[in-house]
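One chain, chain A, appears in both complexes that follow, with chain B as partner in the first and chain C in the second.
== the complex of A and B ==
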C-alpha cells in the first residue's frame, strides 16, 4: 500500500516539475527552428516569475498577474531580439546579458516592493487555480495522477499539440522553419528574415513567461530569489535533444524532469543534499552527451549507406 | 590600412564612451525613480569609492578576481568558443586552494604557491570537460558549461560542509587556513594582496601568448574562421581544447588567489558570480589582455560604489548587475555606429584615392 501511494505521488510530482521545463523548451522550439539560439530563457522565466507575482499582488487579481508576467516577458524578449537581430549582437552574449539583467532586476524590484531580498512571502499574490478533470478524476490510480494539477500544467501539455499545428500546419510556422533552414533562400523569395525571427522570439517569450509564472504562481505561491535555477538552460538542452520537434521536446523534457523529481524525493533520504541537488544538471550533461553520440553514429551510418549505394 | 586602424580605434573608443554614458545614465534614472534621497545615493555611488584610502583599496580588491576571470573569458572567446566555465573554474579553484590551505602543512613562501597551482589545475580540469565533450561528440559547450557551473557549486559546498566544516560555526564556514598559506597584504591600510600582482603578471603573459606567439596566432585564426584555420593545416579542435584548459587554469588560479588573499575561511554558500562579471570586463577590454586591469578597475569601482550606495541609501546594490547586462548588450551590438564607421572608411578611402590621383596626374 505504501509503495502504491509513493509511486502515485512521484508520478504526480513528475508532471508538476515537468511543466516549466516543457513550456520553456516549447518556446525554445520556435527560436531554434527559426535559427535563433535563445540563451536568455532563464532570465525571461525569472523576470516573468517576479512580475507575475507583483502584478497579481498590486492589481488585486490573477488577470493583472498574467498581464504583468507576459508583458515583462515580451519586453525583455523584445530587447533580446532588437539587440540580436537589428544591432547584430552575438546571441550567446545577448542571452547572457538578459540573464544578468534578470538576476539583478528581480532582486532590485523585489526589494523595492517588499523591502526584502529573499522572497515575496510578505505580498499577497495569487496563484493559478488547480483543475479537477471530470470523469478522469474518478478513475482510481489514473485520476490521482492526471487530475488536480495546476491550470498551467494542462495548458503546457496542450501546447505540445498547438505548437505542432503551428509549426507544421500554418503559413507562419512554415515561414519560421524556412527562415531557420536557409535564411538566404527565404529572403530571396521575399521573406523578411528579421521580422519573422523577431516574432518567433516574442512568441517564445510568451511561452517561457508562462513557464516562469508557473514557478511563482503554481509550483510555489511566491517568488524566491533565483528560483528558476537553470531550468531555462535545461529547457534549451531538452529542445536540442528533442531535435526541436514538439513530441521530441515533450519526451526529453519529461526525461530531465524525472531527475528533477527524483532529486525532490531523494532529499528525504540520507544522501548529502548537495549531491541530490546536482542530479538534474548532471543528468542534462549526460543526456546531451548520449544524444550527441547517437546522432553522430546515425550520421556515420547514413553516410556509409550512401557510399555503398553509390558503389553498387 | 593605417587609416582603417585609426578609424576602428576611434569607433571603438566612441562606443565605449557611449556604453559608459548609457550605463551611468541608467543608474541615474533608476536612482531618480526609486530613491527618496537621490542626491545622497548619487554621491555615494559616484564619489563614495574615492572618499578614503580603504575604499580606494576596495576598488583594487574588487578588481582582482575579475582580472583572472576576464582573462579566462578572453582565452575562450578568442578561440571562437562560448564556454561559460570561468564561473565554475573560479569556484572550484577556491575549493582547491582551501583544501591545500587547511590541510597540507607547507613552509610559508611555498604554501600559497602550491595552493594556487592546485587551484589552477582544478580549474583546468573542470574546463576540460565541456571542451572534450565538444571535441569528441559536438555537444554544445554553452549548455554543458552552464550545467557544470551548477554541479561545481554544489560539489564545492558539499566538500566544505561535509569534510572541511568548522563545527563550532553556526553558518557554513570551513576550518581556518594555516597562517603560512595567506597571501600577504602589499599596501598598508588596505587589503590589497599579492594576488593582484599575480593577476597583472598573468595579463601580460596572456597578452604575449595571444599576440606574440605562433600558438596565439593559431588560436586567433581558429577564432576568426575555423574553416580557414582547418584548411591552412591548424589542428582546430586541439587548439579549441587547449584554449579552454588555459582559461580554466587562469580562472582557477583567480579563485585561489582570491580566497587566500581576502579570506581566512571558505564562506560562500553560492557561486559568487565573478565569472559573469568577467565577461563584462573582457568585453570592456575589447579582448585585449593588457586592457583587462583597467576594465577590471572600472568594474570594481562600480561594485564598490553600489555597495556604498546600498549601505547609505535605499537603493540596493543589485543595480550593478543591471548595468553589467546593459553593458554586455551595448558592447556586443556590432551594428551600433556601423554606418558612421562605414562613412568614415569611405571618406578616408576617397581622400587617399584622390591623393594618389594627384600624384599620377603630376
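== the complex of A and C ==
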C-alpha cells in the first residue's frame, strides 16, 4: 500500500512545480503565435527572479519587488525585440545572447548587492503570500491538494483562460495570430507587423517574468545562482508540444512538471534522477513523431482524393 | 443611361525602377463609375506596375492621379483603402488557419468592450455575401475553402472596408470554368450596384463577355481605350502583341536527327484540382530548337518541372532518350544528359552567396577530375573557374567573388556555363534571357544555336515573342494546358498569328496539332 498522504503530497508538489513552466510557456505562446522565435525565456526568468528579490529587499515591500521584477523583464525583452525586429538581427542569436547575459549579470549584481556569489540568503526579501481558498480548503483530500498554494500559482492557472480570451477573442490577439501566420496578409490590410511583434515580446516578458519571480519569491524565498535551471527551455518545448494553444500548453506543462516532480521522489528510491528527467523529452519526441506521421498521411490522402475526383 | 462620371484618372504616369527598368512610359488611364474596365497587355507590359501605383504600393516617378476629379497622391495601401480602392491580389493575402469572418474583419474589427463582436461581424459578412450572391459561410476556415471561395473572401475583404473601386489582378487565372462563371455573375451584380471594377486579364473572350471598355498597354505605353463592343478580339490581339524591333538571328537550316524527348498524353493536376496540363503530346528531336510560346501560367512551368524531375505527373508518359522518367529523380534525369536553365536564376538557377566557380561546379563536384576520395582538388577547380569565365565571357573581378555581385546577364552566363559544359544532349531553357541585357541575350542566343548545330535538342520556353520567333525552328503554342497550335517552320509565321493562338481566339485542328508528334 502506498501511503495516502504521500499521494496528496505528490499532487500538491506537482502543481507547485508546474507553475513556473506554465507561466513561461503561456508567454511563449504569444511569441510563437506572432511569429517570433524567442529563445531568451530562460534568461528573462533568471533576471526577474533576481531583481524581484533585490527590489523587495531594498524597497522594503512586495510591491517594489514586483515592479523591479516586471520592469527588468520588460527591459531585457525590449532589448531583445529592438535588436531582432528593428535591427533585424537573427532571433536565435539574440535569444542566446539574452541567456548568456542573464547568467553573468545576475551573479555580478548579486555579488554587488550581497557580497556573495551563491545566493541572496543574507538579504531580507519578501515572498508572494500563500492563499487558502475558502470552502475548498475544508474539503478533505481535494482541499489539501488545491488550497494553500502560492498566489502566483493561482494567477498562472487563471492566465490560461486570460490568454485564451486574449488570443481568440480580442482584436489584438487576432492581429497577432495573423501577423504570425501570414505577415503579408496582415500588412496588406494596414497592420504594422513590427509593432505587433514588439508588443507580443513585451507581453511575453511580463508572463515569463512572473514565472521567474515565482522561483525566488514563492517556490524558494531567495535567489540562488542559475536557479532557473533550463525551465525556460522546457517551457519552449511545452509550447511546441501544446501547439501554442493555451489548453495544449497547460496539458504539456503538467506533463513536464509531472516527470520533474517524479524525479524528486524517485531519487529517494535510488533510481538516477537524470534517467527520470530524460523521460518527458523522450515522451515528447515520441509524441511529436506520431503526430507528424499522422498529419502527413492525412494530407496525402486528402490531395489524392481531390486528384481522383478530378480525373473521374 | 446616366452621364458617365469619371472616378479615376491617371495622367502621364512614368515609372522608372531603381534598377533602371522603365515599366511605364507615360500612360494615361481613366475609368468611369459603374463600369467594368479591362486592362490588357502582354507579360511585362506594365499592367502590374500601373495597378501598384493606383494601390499605393509604388510611387510614380512622374505623373498625376485624380480621384473623383481631385488630384491625389496615394502614398500607401492604407490610404488607397481609405480612398475606396480595393485590390484582389492574384496571390491571395489570407490567413489560412482563421475563419472567413476573421480574415474579413482583420484590422477593422467591430468590438464590444475589449472583445471582438464576432456575432455582429459574422452577420455583416453574411449580409454583404448575400447581397452580391456570394455563397460562402463566414464560420468556415480559409484552409478548407476552394480557390474560388478564397477569391470571394478577398472580394469581401475589399467590400467590407468600403471599397468603391475594385482591382482584380488576373482573377480567372486560378479558377475552374464553373468558378469563372460564378465570379462573372458576382462582378456584374457589383457593377449594377454602382461599383467600379478594373479587370486585368489577357483572356480576350472573358474581356468580351464581361467588360464595358478596354485599355490596352504595350511596352509601357497605352495603345488606346476602346469600347469592347466595337473592337474584335483580333483587333485587341494585334494591339497587344507586336514587336518593337525585329531580332534578326542568323542561323543555318536545321539538320534534324532522331527523337530525344517524347511526351504522350501528359496530364498534371495542380494542388487545387485544376488541370495544369491536359493530355499534352509532343516530341523533340536532335538538331532542332523547339519553342514553346504562350501567356505565362498556361502550363509551361508545370511542363518544365515534370521534364526535369521537379514534379510528378498524374497520367501519360515522358520518355527521355527512350527511358520513361516517372520514377526518376532530378539526378537520374541529369544523368540522361539533360540540362536545365531555370526560369528564376536567383532561387533555382544559382546559390546567390556562393562564388561563381562554386556555382558553375555544383553539378560536377563529384566527378573524378575535381575530387578524389571525398577530397576536392583545389587547383583543378580554380583552373576550371578561370577557363569558364573566359569561355563564357563572364564579367567579374575574379571567379571567386560571390555570384550575387554580378549583373543579371552575367549570372545567367554562369548558369549557362554550368549547364552547357557537361556535354548535354538536351537543353531545357526556361526564359533564358528574361531581365538580361542586350549583349548577354545575344551571347546566350548564339550559344543555344551553337548547341543545336552540334545536334543537340533545345526546348525553349519563352514568353518573349521576339525570342521564340527568332530562335526557334518550330513552335508550339500552349493555351490552358493544351497545345493550341504547332508550326513546323517558325520562319513562316508572324507574331500576330501567334498572338491569336496564345490568347485563345484561335485553335488549330486536331490533325494539325498531331504533326508535333512526328508520326509517333
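Note that in this section the second predicted complex is superposed on the first by the 268 of 312 C-alpha atoms of A that agree within 3 Å, B and C clash if a C-alpha of one lies under 4 Å from a C-alpha of the other, contacts with A are read in each partner's own complex, and residues count from 1 in each chain.
Criterion: a residue touches a chain if its C-beta (ideal position, glycine included) is under 8 Å from a C-beta of that chain, and two chains touch if they have at least 3 such contacts.
Not measured: the values here are computed from a predicted model.
When the two complexes are overlaid on their common chain A, residue A:271 makes contact with neither chain B nor chain C.
In the superposed model, A:117 makes contact with chain B only, not with chain C.
Using the contact criterion defined above for the overlaid structures, shared-chain residue A:136 touches neither chain B nor chain C, since it reaches no partner.
By the document's definition of touching, neither partner reaches A:158: not chain B, not chain C.
When the two complexes are superposed, the chain touching more residues of chain A, out of chain B and chain C, is B. Of the two partner chains placed by superposition, A:63 touches none, neither chain B nor chain C. In the superposition on chain A, the residues of chain A contacted by chain B and by chain C do not overlap at all.
Against chain A, in their complex, chain B makes its touches with residues 30, 34, 82, 84, 133, 137-140, 142-144, 146-148, 150-151, 154-155, 157-158, 161-162, 276, 279-280, 283, 316, 318-322, 324-326, 328-329, 332-336, 338.
Contact residues on chain A toward chain C in their complex (touch as defined above): 165, 169-171, 174-175, 177-178, 181-182, 184-186, 188-191, 303, 306-307, 309-311. Interface residues of chain C, counted against chain A in their complex, comprise 76-78, 81, 87, 89, 93-98, 102-103, 105-109, 111, 114-116, 118, 157, 161, 269, 271-275, 314-315.
Interface residues of chain A, counted against chain B in their complex, comprise 37, 39, 79, 83, 86-90, 92-94, 96-105, 107-108, 111-112, 117, 229-230, 233-234, 236-237, 240, 272, 274-275, 277-278, 281-282, 284-285, 288-289, 292-293, 296.
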